[in-house]
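Here chain A shows up in two complexes: once beside chain B, once beside chain C.
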Partner chain A sequence: MATDIQISIVGSAGDGTIAAGEILRSALAGMGYKVISFDVYPPEIRGFGKCIARMRITTEQAYSLKNKSDVLISLDDSHAIPHAGEVRECGAVIYERGSIVQLPEGGHISAHIGPGQLPYPVPIRELSEKSTGANRSRNIVVLGFLAGLLSLPAEAFRKAIGRKFKSKAAAAEASEAAFKAGLDLAAQTFKLDDVMFGPPVSTVVAGATVEMINGNAAVVRGALDAGIDTFFGYPITPATSIMERLASEMPKRGARLLQTEDEISAISATIGAGFAGARAATSTSGPGLALMAEMLGLGVIAEVPSVVFVSQRGGPSTGMPTKTEQSDLHMAVYGGHGDAPRIVIAPTNVDGCYRCGGKAFEMAEAYQTPVIVLLDLYLSNRYETVVFPSRPPFEADCNRKPGKLQAGEQYKRFALTGDLISPRAIPGEKGGMHVITGLEHNELGRPNDQAQMHEAMSRKRHEKLKAALRHPDFTHYKRFGDEGQVDVGLISWGSTFGECLEAMYKARGEGIRCAAMKVVMLSPFPTHGVAAFMNDCKQVLVPELNYQGQFANLLQAHVAKPVTRLNRVPGEPMKVEDILEEIRRLAGRGKTAQKAA
Partner chain B sequence: MAETAKSARHHVVVGSGVAGFQAAETLRERDPDSRITILTLSRLLFYKRYDLPKVFRGSRDWREFLVHPAEFYRDRRIGMRRASHVANVDSRRKVITLDHKEEIRFDTLLVASGGRAYLPEELAEFRPLMHNFGSYEDAITMAKALPERGHAIMLGGDMIGLDLARTLIDTQHRVTLVAGPHTFWPHEVGESERPALVATLEKMGIEVIEGADTGGIASIEQGARGFSARRVLFKDGTEIAGDVVMPFFGLMPSVEFMLGSGVDIERGLLVSPGLRTTDESIYAAGDVCQIWSDAERRYRFYYGWKNVRAMGDLAARNITGSSDPWVPAQDEKLHISGDGRIQSPFWEYE
Partner chain C sequence: MGDIKPVYLEEKLREVEESGRLDYRSKTLPTWCPGCGYFSIVEAVAASLCELNIPNENAVMVSGIGCSSRFPFFVNTYGFHTLHGRALPVATGVKTANDALTVVAVGGDGDGFAIGGGHVPHAARRNVDITYLLFDNGIYGLTKGQTSPTSAIGFRTPTSPYDNPDRPLNPLMMLLSYGASWVGQAYAGRPDHLHKMITQAMSHRGFSYLHILSPCVTFDKTHRTYSNLGVQVRDLPADHDPSDRLAALREAMHDETPALGLYFREERPTLGDALDGLVEKAGGEVAAKATAKPARKARR
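Moving on to the complex of A and B:
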């Protein structure tokens, strides 16, 4: 029996909602299931604000979360009530049986459980207090109840709890007691829902390792495997955990990390370190990227390798720091003054985060330019089971070294070579003495604002990047689904591609000829491959999480074929059903199409 | 789901059995703009409790027992508050308080909370060793505990139990009935009629032990490993072993939550022939109420599926403006048919 179950835990900040989700997905991944998970949390640290830990557990690879959950666990009814309708028919709603305060009608989640859903009232608080003497372990009580209800092996949960609280003996002990209390209650509870786990299927190849990891952690792992030397950063949601993880890992490898006073310092120091020959990076979100724009221009004109990890959030300005959005694409590709081309890559899943996290350093070195890795909050925080290869798939050194100079020959840092990529000497290298500047310059790096030189150098900075479209062992774009001519083709980027893929497969299941393309390399744009795909499509649909249709704009700047835009800005991942409905409409199927007819 | 319209009358029905469900349907027909909320302890939608013996004929999925699918409730805007325990009814404020402290205002209240299995006090300590059969969950639990061709020991033997016994015998199980005054409840069986009825039970294949009753039971024990799961020990030193022990001593009205409401209660809620309690906004129907009988000059219970459904319908009609009196919908006589089978009107249902 194939497993495809989605579980949502909803609570208030401080309820342990996210921690419960962490333990649950760790336990399930440990059992061998594939897990895709996304947490939603409020900007406030504690006391109020909604937290959601949502995960989809499968035996086959899933690409996105489902619209409907199979199980909803409420740790706080005031936050969970709006999500009661997201539980499918015959799914389970697990909630606190009692209340410590008087409630108006409708104030308890039981008032919102639909006739097709199955209620499971549990004395969560009482069990927590009885088993641990406090109500802080309510989240673990529900995990015990869930494990018992779904007949999941308790040992996997105990191990996951042990991992979570390995340095907190008292918390581990209380959690064990709370877990048992929930488990015991489940043993006396009559199961009515039809949520069933099938056996997990192992697809791990020899030598590889499987880990449950989120996008930011995967980026970090990619950077580490690519040999990052130096990192400068300033914390900002949702990119902070990149710096936090690197801070604990880099010193172990003799690498250095410094928290700077702001984003301008961070990018300046990163470019400085890149100039000095280090594999250097910084991380930020939209507001930080805006501050970095001027220095990115320096990185472009001075042709200094540097990597910027950008995790997008709802904007503009402070916007919605804990909500996801894909609205910094214009900023990443075009942001800044002057003609400042840069490489922008955007992974579409957590595995892609690992690969882009490492490949970015190769590209920065190989094409001597800043590389932006564009994530978004959904991808940064999304957990997936990722299979890591036994050996890191990254080149340790992609620098084009200067050859031996002829007698009397002067080293030209910005030599106009055939492919327009110049040999790059690292400061201190014998015979490689040179200057760099933010001023327009000649091949030696000396200031020169002659028209001819500016034309030549502008061309160099743009045209050299075309080689990045052939960068080895990198998926610049990829087509999925039906081959040849299709009725509807989806083109998408970033985290939204998972929803597109899911919708595309569902549409095919309905008999619609359909294909989807993910575009990872956003700048320079892989026009040829994308245009070929679009030529195969009667209709092209571009779903993305921004209002303007930023990717669609980019696409249409390169390929002159009309597209249908599907733009949403809910602060949450796009709904598969919305995309599917649009596919149906474009294919002349379904309710919407009938209505239009 | 909680509805948002506040202007319409709010009819609350406590109980989702035959009476409560019928009342909700009639209320919807007669008062289309009203809010209707059913509060029930059950975690399932209204299902055919009378069909539960079918679990021994292979029906194990609760969906097979549902009277209507979920859409029915959505279409008719009947709110189902399942797993909801009413703690208190304040008739003055017209407010129901649920166990979890949620307050629900009502304009009219129909109490149709039915009855729960009665267990004589002297057997209460053995409750954990017995299997009930009052709900779907009970039925499945009991069915899992009773092996193929297993032996069920039935204490009391009310008509619900005897209905189950018929199915158990049909499905190759062994049934021993420890008979007593509750046998044939709610039929009132005279001393002269009893021997023939008991003989009919035996002819059906039920082993009947007369004279032991509850007072004769010394204890019920867990059977030793490898042997039968339960033993019933009698005070005369004899014992019987079986796989399950089931009490069938009739029903007890579920009225505890009404104790502070101010309405008159004897064993059940006392209602007029129009099914109204002593509070003008509160009605009762089904196994929970005792109806005033002008003919008999006493309050009395009426049982059976047809009666209960008719009560639900009548209460709803009277809540919505009628003033009809109660007329029993079925007789209450226990018969032995020509071919020697027991025929009870309480076993007739649609």
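Moving on to the complex of A and C:
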């Protein structure tokens, strides 16, 4: 039996909502299910902001979350009430039974449970206090109750709780007691027959390992597997966890990380380290990338390798720091002054974060330029079960080195070679002394602003990147769905591609000839492959999470065929239903036609 | 003045040639105005590199933007002419990537204390093992003579035609408070002393800051001229104790009569030491430093 279940936990900041979600998905992944999960939380640490932990548990690969959840757990009714309608028919709502006398502000969620939904009132607070002497373990009580209700093995939860509280014995003990209290209560209640877990299916090849991690952790793993030497960064949501994880992992491998005074310093030091031959990176979000723009231009003209991991959030300015958006594409591709071409890659799922996280270092070295890896909050914080290969799929050294340098010979750092990539000497290398500069320069690196020189060097900086379109063992773009001519073709990028795939497969299920293409390499743009796909499509739909249609703009700059844009800025992932509706419309199947069918 | 010995050009040229310090000069001629104090700085740096016997390929000059920041082009080492104000973070990156390199950051007063002012305290407190040579001419020369953060109150320039309203910074006091582990001052008009100070600064293990007073002969005819500076500068008192930070601060306060010499020096762990300490705490292996060549190890 194929499993496809979605569970949502909604609470107020400080309720332990996100922690409960962590334990739940860790337990489920430990049991062998595929999990895709995304949490929503407010920018404040405490206060009363809304937190949602949401996860979809499947046996087949899923690409996004579903519109409807099978189970909703409320740790705070005022926040959970607006989500009562997201529970599917015959799904369950677990909530605080509470006291009739002390109605919570905004009412009790029981008044909002629909006719087909199953209410499970649980004395959550009472059970927490009875079992642990405090009300802090309400989040664990509901997990115990859920495990009992769905007949999930308690052992998997106990292990997950152990992992979560491995250095906090008291918390582990309290959680154990709270979990048992919830579990025992579920044994006395009626089972939820409509939400059933089938047996997990293992598809893992020998030697590989499966882990449930989020996009930021996957990027870190890619960077570590590619042999990152130095990292300089400044904390910013939602990229901070990249730096935090590297801070704990890099020293174990003899590598160095430094928290700098600002993002300008972070990118400056990264480029300094790149000049000195290190595999160097920094991470940031939109506001930090804006500060880095000038230094990235120096990286371009001085042809120094560097890697910048960017996790986008809602903008402009401080914008919405804990909300997702894909609105920094223009800045990543075009940001800064002058003609400053760089490489921009954007993974579409957590596995892609790992690959891009490592491949970025290969590309930075091979093409001697900054490489921006563009994530967004949704992808950074989205958990997926990922299969890691037994050997890291990254090259340790992609530098083009100068041969033996002759004494007295002047080394041409910017030699205009056939493919316009020049052999690079690194400080410490005998005879390779040279100066790199942000001034336009000649082949020796000496300042030179003659017309011919600027023409030749501008050409060099742009045309050398063409080779990146053939970078080995890298998915620059990929087509899914129907082969050949289709009625509707979707093209998208980044995290939104998951929702596009779900919508595309649903549309095919409705008999619409449909395909979807993800574009991972955004700069330089893989015009040839994308144009070929667009030729196969009667209609092209470009869904993305920004107001302007930034990817559509980029696409239209390279391919003339008109596209339909689907732009949303809700601060959360795009709804599969919205994309599907647009596919139906483009395929000539209106709402009425759909209902009749 | 009667006992000055005559110097013959031929003899002087032979002396320079035999010293070996020309190996540290590039074939690119400096772009500075005739009479600029910076000529004596480039000469002193070449002499210090030569004296310390640092292989050309192991030295890296990192600069920002400005007249002084053209410096890397004029020495025969590796160099990085970066952005306005960013010499220190770039130099921090170079040194962090490869401890075996001798890294010298150079720049002017505007580069270091206006646009790049936010980076100075952090390079100093971290004790990055680099030398920072600050060429202070109290003016923006490359953009043709505007006020800088070290220009005097009342200094008239094209951007302050009715007088400069801002009081100048006191970089020596700043660096002493920021925690720089070596702080000194020299004057471009005293090349022998300058050379000695640069050699000392480059020999120091940790962040060494050398403030070099130098006139802009083209755009400043009134304030920081050779004739004015020649009268104003003095030596630090013979009994000055360079381990006494408070005494150093007291001397630095008298910026109307700038004292030359070593203000402060202390030995303490460098940023590289601290980062190696983190590696040890984490149970990792500290990279070998025997060679200046970046040893790319498979860190898998």
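Here, the second predicted complex is superposed on the first by the 576 of 597 C-alpha atoms of A that agree within 3 Å, B and C clash if a C-alpha of one lies under 4 Å from a C-alpha of the other, contacts with A are read in each partner's own complex, and residues count from 1 in each chain.
The rule is short, and it goes like this: a contact is a pair of C-beta atoms (placed from the backbone, for glycine too) under 8 Å apart; a residue touches a chain by one contact, two chains touch by 3 or more.
Everything quoted here is computed from the prediction, not taken from an experiment.
Enquirer: According to the stated criteria, A:110 is in contact with first (chain B), second (chain C), both, or neither; which is it?
Expert: In the superposition, A:110 touches chain B alone.
Enquirer: Is A:278 touching anything from chain B or chain C once the two structures are fitted on A? First, second, both or neither.
Expert: After superposing on A, A:278 lies in contact with chain C but is clear of chain B.
Enquirer: Between chain B and chain C, point out the one touching more chain A residues.
Expert: Counting contacted residues of chain A, the larger count belongs to C.
Enquirer: According to the stated criteria, A:483 is in contact with first (chain B), second (chain C), both, or neither; which is it?
Expert: neither
Enquirer: After superposition on the shared chain, which partner residues are touched by A:97: those of chain B (first), chain C (second), both, or neither?
Expert: first
Enquirer: Applying the touch criterion given at the start, work out whether A:118 contacts chain B, chain C, both or neither, answering first, second, both or neither.
Expert: Touch status of A:118: first partner only.
Enquirer: After the superposition on A, what does A:190 contact: first (chain B), second (chain C), both or neither?
Expert: first
Enquirer: Can you list the residues of chain A that touch chain B in one structure and chain C in the other?
Expert: Shared contact residues on chain A: none.
Enquirer: Within their complex, state which residues of chain A touch chain B.
Expert: Residues 89, 96-108, 110-116, 118-121, 190, 192.
Enquirer: Inside the complex, what are the residues of chain C that reach chain A?
Expert: Interface residues on chain C, with respect to chain A: 28, 55-58, 60-62, 65, 72-73, 76-83, 86, 89-98, 100-101, 118-119, 121-122, 126, 271, 275, 278-279, 281-287, 291-294, 296-300.
Enquirer: In their complex, what parts of chain B are in touch with chain A?
Expert: Its residues touching chain A are 1-2, 43-45, 62, 69-70, 72-74, 79-84, 98-105, 137, 140-141.
Enquirer: List the residues on chain A that touch chain C in their complex, please.
Expert: Per the touch definition, chain A meets chain C at residues 224-225, 227-230, 232, 248, 251-256, 258, 260-262, 264-266, 268-278, 280, 294-295, 298, 302, 392, 396-397, 426-439, 446-447.
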